[in-house]
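Below is one structure, written out as structure tokens; the observations come after it.
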């Protein structure tokens, strides 16, 4: 008996060692953002530590999404790790397409993940994708222009204040525009901003019975306020501006204020790229006094498709890339301002990170977003600037195109909302609601 | 043309043609120039044309980030392989259409062309599912087959039109001399059709090289050609014009060079039977 | 001359190509047809059963359908018009004696070698960008307000990009045709005192009829399916959503394969209508 047990234990042991010693090659699909490209550059460190090789498939965001969605829905099995967001994670997890990440190792410290991030990447209380970096949105503004306009930015301003300040800062002769906002159509572009903004105006996508709400007064207030403000103080061609375009406008000193992703803070304060690096202040996204602020919540996270042959190696990679040690590795090579932000509580308690000017405002913004109760009124869905149902991306992109056309002056706010309502109702009906 | 042309007229022609040629070529030239600028110089206003600090740093960055050689090799194998396979299948078909025509030859040709009208996005899921079943995802052979099928109608049509221009009497003479069908194709037809086959191959290599839907959607890490390489450089965060230009230049350079060296064949051969 | 034996040999030789293409056409086509009658939502469990013609009705009644058909036809028509007209002019110019003809020809052909994705990226970012694009600099240099190309003139912008890519193809075919034109005939006409425009209209253009037909036919097949240029530039905003793009949105963005497949069937029908139309009008040229 004893012998048999001992034998069994020995076999098990050899199996385990065999499994750990075996070097696998994992394929990772990721987006071509700066932080991921940095991760790609550090792959050697991972290979050195574990022996596993990594093949990268780096794609532009839209192509990546198309590529990984096709693969996961057909169970193509082309990738061992996919870079996905807060939108995909709960939907895919619900379908049983992702491997639960509840055993990432003893030193992973899953409780250190920011609660908002952990909630947004969990389904039924289980983590299905590990946050590589997280973001909310906030106001980035030019302190010098604000001063010149004789105004003082409060830490938590209202939309009214932002509009008035934007108009006061605008100097079209010198190509200075009070406010730069996203206008380019897309569910992850203008609709991310507008949905988050609408939350603070008391609007929502759907009521508890999944009835579309674009015919509500709150949505009309949101859209007319946005169009009016952009008309008076926005840059030309705003309807084609997404994150990138606004970033380069702000860096060139052409924007007074910019409300966008918190990760942009490190770009606009980097003196190598930004001509206004030392004149940038930060504030929470605006509200209207209804109890919700207009900021979103997003994370780029790493998930493992169910059924992959290299699950163990993939988990090793994820626990390496989203660990505290990885943050320190990046800090030692590229400086603390360049570490992937917004994922871990410990980062914001780190003495070295406290000096970073935007650190605390980023944390406050992330903490003030609630993916489970995004709007003033109750909603049947999860997600702040999106609705975590499979149909959302398609619907929101089409709605975004209507709003973008309104911003370009090709139709009125009422026409845009009417079309948005019609096409949302139609698409929801097709989906069987 | 034997017409005497005054030098004055020739000079006007030259100036005019060069102006238009440069205008058409300008976007490519601009991309190549931008690839040697720094990111800041790439968006400078007013733009620099030639007088900037030429740098190779963008190429270094691109090379460091992605394994260009592998993408290039995949492109060569996929574009070359699909074209050769296509020609091998198309030659007999085009031969029989050209020399043993029936009432339905025209219809078959038109039908073949019409298979190209099926919108690719509409059949992505069916094809993807078939590829999973056959284990062809992310393999070069899978892409060779798909691109061959996509371009086969064009290849058949081009070869058909070249073969038709070959006088039938020569073939008949060969037949009377006792040549078998195989010999007829191999020793009589093929040598005469070489220029036509050459330009068919050229055109289809170009088409296959530039195909960006299937090559992107059916590959992952192993079989991705240069179209997948480019997809990792479009619109990242921050300034990217110079790096995008460098990647673009690397992606189009091989085919551009091939095209330039063989432009005589292209100019002479690209007729689709349009010239009688 | 065709004997019975050579006929059957001919059939045998045609077989591989025909069978392969038949498979390539039928398998996806049948699958598309099956999907189009189903409620097929990959993110909601896949195949949810038969729904009859629901998808077909929904696709056509969507407010995006007719504008998409219109945008498709406008892009195809616009690009065809530009490439044929400028192609003829360019081919005639290149046929003239000049210094450095070979180099000019290379310059003109070059855009044909550029991947659609690359050319769309380059045009969008480095030329049509309203702040940093070459056009914006040019407009500013003349004191004009830069045009927001992809917003205010979205359809023309796309047509320009696509036409730039296809102009070399048209020029090449037309150039070959012009080179085969009998110079003596033209010379005789010139001596008879026929003005250049008349010579062009009565001698050159009829000679090019067949070549133009081929250009129109081949380009139409490719243009009906253009996708990369729109995906990279406007993503279907501002009235640039073609039928192909609409299908893409339904299948991949909305993850409704059934609805997208119905759209695919419509696209095939549209393509065939266009093809028949072309055959009727210009197809006779091909038989000559």
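When the chains are written out, they are named A, B and C in that same order, and each has its own residue count from 1.
To be clear about the criterion, a residue touches a chain if its C-beta (ideal position, glycine included) is under 8 Å from a C-beta of that chain, and two chains touch if they have at least 3 such contacts.
The chain lineup, named per UniProt: A = Sorbitol-binding protein /mannitol-binding protein.
On a predicted model such as this, the values are computed, not experimentally measured, just so you know.
The greatest centre-to-centre distance from chain B, using averaged C-alpha positions, is reached by A. Contact counts per chain pair peak at B-C. Chain geometry summary: the mean Cα position of chain A and that of chain C are 38 Å apart. Centre to centre, using the average C-alpha position, chain A and chain B are separated by 39 Å.
Our note on geometry: chain B versus chain C, Cα centroid distance of 16 Å, whole angstroms.
Multi-chain contact residues of chain C (touching two or more other chains): 42, 132, 252. Touching of two or more other chains is recorded for residues 66, 70, 74, 248 of chain A. For chain B, residues that reach two or more other chains under the stated contact definition are 43, 124-125, 129, 231, 234.
Across the complex, chain C meets chain B through its residues 1-2, 6-7, 9-11, 13-14, 16-18, 20-21, 24-25, 27-29, 31-32, 35, 42, 90, 93-94, 96-119, 121-123, 125-127, 132, 134, 137, 140-141, 164, 167-169, 172-173, 175-177, 180, 183, 187, 210-211, 213-215, 217-218, 221-222, 224-225, 227-228, 232, 243-244, 247-248, 251-252, 257, 260-261, 263-264, 267-268, 271-272, 275, 279, 286-288. For chain A in complex with chain B, the touching residues are 27, 29, 32-34, 37, 40-41, 55-61, 63, 66-67, 70, 74-79, 243-244, 247-248, 267, 273. Across the complex, chain A meets chain C through its residues 62, 66, 69-70, 73-74, 91, 95, 184-186, 236-237, 239-240, 245, 248-249, 390-391, 393-395, 397-398, 401, 404-405, 408, 410, 419, 422-423, 426-427, 430-432. The residues of chain B lying in touch with chain A in their complex are 43, 64-66, 124-125, 128-129, 131-132, 137-138, 216-217, 220-222, 224, 228, 231-239.
Interface residues of chain B facing chain C in the complex, by the touch rule stated above, are 1-3, 5, 10, 13-14, 16-18, 20-22, 24-25, 27-28, 30-31, 34, 43, 45-47, 89-90, 92-93, 95-97, 99-100, 102, 106, 108, 110, 112-127, 129-130, 149, 152-154, 156, 168, 172, 181, 206, 209-210, 212-213, 226-227, 230-231, 234, 241, 244-245, 248, 251-252, 255-256, 258-260, 263, 266-276.
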